[in-house]
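Shared chain: chain A. Partners: chain B in the first complex, chain C in the second.
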Partner chain A sequence: MEKITITIDGKTVEAIKDQPVLMAAKENGIDIPALCHHPELENSGGSCRVCLVEAIQGGRSRIVTSCNYPVRKGLEIRTDTEQVRNIRKGVIELLLCRVPDSEVIQNLAAKYGIKEPRFFTDEGESDRNKCIACSLCTQVCEDVVGVSAISMQNRGRDKAPGTPYHKDSSVCIGCGACAYACPTNAISMKDEKGVRKIWGKKFKMVACSVCGKPYIPEAQVNWIVRTTGKERSFFDKCPDHR
Partner chain B sequence: MAGQVRKKVDTKQIDKIIKSYDKSEESLLAILQDFQRSFQYVPEEGMKRLSKYMGVPESKIYAMGTFYKALSLTPRGRHTCKVCMGTACHLKGAGQILETIERELKVKRNSTTEDQRFTVESVNCVGACAMAPVVVVDEDYSGHVRQSKVMDILDKYK
Partner chain C sequence: MKAITSFEQLEGYREKIKASQKKDLPSVLICFGTGCQANGAVAVADAFQEEIVKKGLKVGVNIGLKTTGCHGYCENGPLVVLRPKDVLYLKVKPKDVPEIVEKSLQNDTIVERLIYKDVNTKETIAAYHEIPFYKYQKRIALRNIGNVDPKSIDDYILSDGYKGLAKALTMKPDDIIAEVEKSGLRGRGGGGFPAGTKWRSCRAVDSDVRYVMCNGDEGDPGAFMDRSIMEGDPHSVIEGMIIGGYAVGAKQGYIYVRDEYPLAVKNLQAALADARAFGFLGKSVLGTGFDFDIKISRGGGAFVCGESSALMRSLEGKVGEPRAKYIRSVEKGLYDKPSVLNNVETWGNIPVIMQNGAEWYASFGTKGSKGTKVFSLVGKVNNTGLVEVPMGITVRELVEKIGGGILGGKKFKAVQTGGPSGGCIPEAESDLPVDFDSLTAAGSMMGSGGIIVMDENTCMVDVAKYFIGFLVEESCGKCTPCRDGLPRMHKILSDITEGNGKEGDIATLEELCDVLTYAALCGLGSSAANPVHSTIRYFREEYEAHIRDKKCPAGVCKSLITYSIDASKCTGCTLCSKKCPQGCITGERKQAHVIDKSKCIKCGVCKDVCNFDAVRIE
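Coming up: the complex of A and B.
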């Protein structure tokens, strides 16, 4: 890991070569809003466009997505100029039109002083009311969980994540990693009376032997036991009582 | 699709198509195209068997099937009838022509007749504005189509 120095908002900071600008900024206490990037997923990011910054290198200035722009020698980043704020505001305004019901986007819009979007909104399209089609959920399902139960379907403005044929998935383990990763809380997951419901499918949950609280779907335990060889008895107790 | 009688798909035919290709992810799209040609759509059973054979998650194959316009998840007709709705055709009465077809074939636009004879689509421009209004059946272009004559054109296709 080669350490180099770059400039972010006039501050000289140390960063690792090829690390995303977004992470370098975060480590140095500079906050850039971002939705579709997850530090655990190498290929995530680049689709929500909220993290746009100005990158100056070799005398040339470009607007780039900081979540997948690599740190290089002599790079200068500006995250809070009027131009950057304006462009970012435009992106957020368009996102607000797309998912007017998302609290995350609403809060972001309020922060950037957007009251009413100027464009046609997709209000009332309940299917994908909060989804910005960033595909973080499908990436988590494939790369972290390893089951690929969901994928991005259709194209253009109909693009949305889902299970094949919108049927109960035969491979989903009900782990809820997709719902956890979703930046706009668009994936509904409900735990009720020892049953978890996600993507239209119901999963029976295992209860903790100490507190009696159902905490993990049986299918997920089976999956972990099968893929990692962990003892089944490990899951008798919830993380709080282990 | 509502009211549509779906024939049971021939699983032997599905396996025959799959087995004729290499066991490699690169063959996926070609196999889906072969399904489309053989069955006029990509059957669910086909995706399931393909996923098993290739070891590729079904969700990924489904994503491909919904992404490409050339692939359809519901059976398409033996013939495709495209009614141009571009600006020129629109002004020349393409709307009434499409309505006539919908009424005579008892079909809604962008769907298939019950007897699987036609899939009727409205398209945005076929690049033959001088011939407006244009109706395209399979590969045959008909120009200056009149409402009273459009069914004569379609009658040639069985």
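Coming up: the complex of A and C.
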């Protein structure tokens, strides 16, 4: 890991070569709003366009997404110029049009002084609810969990994650990683009476032998045991009582 | 066929087939491009075959007969060319064939009714190269199309095919790249990035594996340059890619063709099989020890897959979505390996650049844009089709000289260049040279080379709405500005054309344009604002007329126009009242007629049928 210095908003900071500018900024206490980037997912980001900044390199200035723009020598970043603010505000306004019911987007919009979007909103147009089509859920499912139970479907405005043909997925293990990764809480996951419901499918859950609380879907235990060779008895107790 | 394993063998083979050709044999060349086939070229070819036999003659002995790729003048198809006479017959039907054989092949006369007639001068022209549509062209990328049979590798070799490859294989890869750099060839797919520079960057990256790819995912409405090349001269693309593969150090090439081009796929497949059999592809190309092969990958029908990073993802078997290109494809492209992606036309130019040298190629075109460019000239011009001209020709020359001026003698209003995310250039700016930099400076772009000509009856707000509507449908939906911005833009434009435009709409559109230009992920999104931006820039008053005065000056937007009959011109011929589908035109014979505006659906039939120009649109 090669350490280099770059400038962010006039401040000289130390950063790791090739790391995303967003992470370098975060580590140095500079906040850039971002939705579709997850530090655990190498290829995430680049979709919501909220984390736009101005990057100046080699005398050339352009607007880039900080979540996947690599730190390189001599890089100068401006996160809060008038142009950056205006363009970012425009993007947030469009997101608010797409998911007017999302509290996350509402709060972000309020920060940028947007009260009401000027354009038509998508409410009630589909069942995609609060989804901003960032694809973090499908990436987690594929790259971290490794089951690919959901994928991004359709294109344009109709783009949204889902199981094949919107039917019960035969490979979903009910782990809920997609719901945890979702930046706008758009994926519905309910645990009730020892049963988890997600993507329209029900999963029986294993209860902790100490506290008796159902805490993990059986299918997930099976999956972990099969793919990692971990002892099944390990899952007898929930993380709090292991 | 035994594979050719040396340059001498290739030349020997070329001489052999040259010697077997009958010199000055009267020959018939039938265009077998997609357009001409759709117009009945297959039946015409069958008719020639039959008629020649009927006359007791033999194909190849007394009369030459072959089918070729597209001549570009598709609206007049099926096209038949006679050689060595250089006569072009238009709209040939099977029933015309006996007369052509008798008059023009067995005798030396012309079938007058089948030759070109200039709509402006009324002059008839028989000679192919004297017809204005062809006269001002300079065909380099299209050099063989219409001359060679795309299914015959012999025909390609006869036209000096694979000569450029043989020459390149004697050179050092770096010297080939230097030659391409010197030629000034810039990517023909739209980006206009210097091809040589791209190759050099790819070669410079340390890697065991590199790829070369051909982008044949041509998707702009009305554009068919690449289709025509893949269908009509597939070997030129293949030869270019082998040279490119050798120069950058790749062993594998891919041609990504959209699946809606079945003939292109078929002809490319046949050409690849032949090239393999001849030893131009496969192990040790031409006995040099260089291994190279090419596979075809068929697209799934998404416009965005013409974008380079989406194309590569699609080629890998993933969903065709673009990715951020902060790390370039020449470093990490297909399967994360250094890759060169060039467009069909770019590859097609390579063999001839190798063969004739960079200086020859650079002698055409302008300072910043060398060589020629193939354009698909469509819209309201008399001659439409594919044309190849030196870079730097003016828009006006294209429209007036090659296009033969505006249809029906109407006024020339604007051209739209560069495909759906290109821009509009008004008539007043039409002395602008057509090259990469001038078009970009004018707020449009070269794109892949689509040129749509518009006349005075075109509403520019409606044009912007059309292209934005196209892009709404084709947006992949990955990034917010394109996915959610374009539909909002489309809604505002629809409101304006429907008479619901508000003060401030132009400023709002401009704001949305900025969000798209600066914040969109890929080239499709970041250039998607061009149709709106350029029409506001040059035709702001037309937007204002729609918004403030609720009028459509071009008479296109139905909500803003009314039809009426000018009593001073109407002769009471009753034709319009008979043709009106609503039955809302009334009047006595020989008396001025009246339109009942409450029933009129503004279909325009009355205006179309009126012989006295009495129907007004306001």
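Everything that follows uses one rule, which is that the second predicted complex is superposed on the first by the 241 of 242 C-alpha atoms of A that agree within 3 Å, B and C clash if a C-alpha of one lies under 4 Å from a C-alpha of the other, contacts with A are read in each partner's own complex, and residues count from 1 in each chain.
Just so we're on the same page, contacts are C-beta pairs under 8 Å (C-beta built on N, C-alpha and C of every residue); 3 or more make two chains touch, one makes a residue touch a chain.
Everything quoted here is computed from the prediction, not taken from an experiment.
Touched residues of chain A, counted separately for chain B and chain C, are more numerous for C. In the superposed pair of complexes, A:Arg49 makes contact with chain C only, with no contact to chain B.
When the two structures are aligned on the shared chain, A:Ser135 is found in touch with chain C, with no touch to chain B. Of the two partner chains placed around the shared chain by superposition, chain B and chain C are both touched by A:Met152. Contacts of A:Val64 after superposition: chain C is touched, whereas chain B is not reached.
Of the two partner chains placed by the overlay, only chain B lies in contact with A:Pro164; chain C stays clear of it. Where the contact sets of chain A with chain B and with chain C meet, they give residues 151-152, 154-155.
Against chain A, in their complex, chain C makes its touches with residues 302, 304, 319, 323-324, 326-327, 472-481, 483-485, 487-488, 491-492, 508, 511-512, 514-515, 518-521.
Across the interface of their complex, chain B is touched by residues 138, 142, 147-155, 163-165, 169-171 of chain A. Within the complex formed with chain C, the residues of chain A that make contact are 43, 45-50, 52, 63-65, 68-70, 83, 86-88, 90-91, 94-95, 97-98, 118-120, 132-133, 135, 151-152, 154-159.
Residues 44, 47, 57-63, 66-67 of chain B are the ones that touch chain A when the two sit in their complex.
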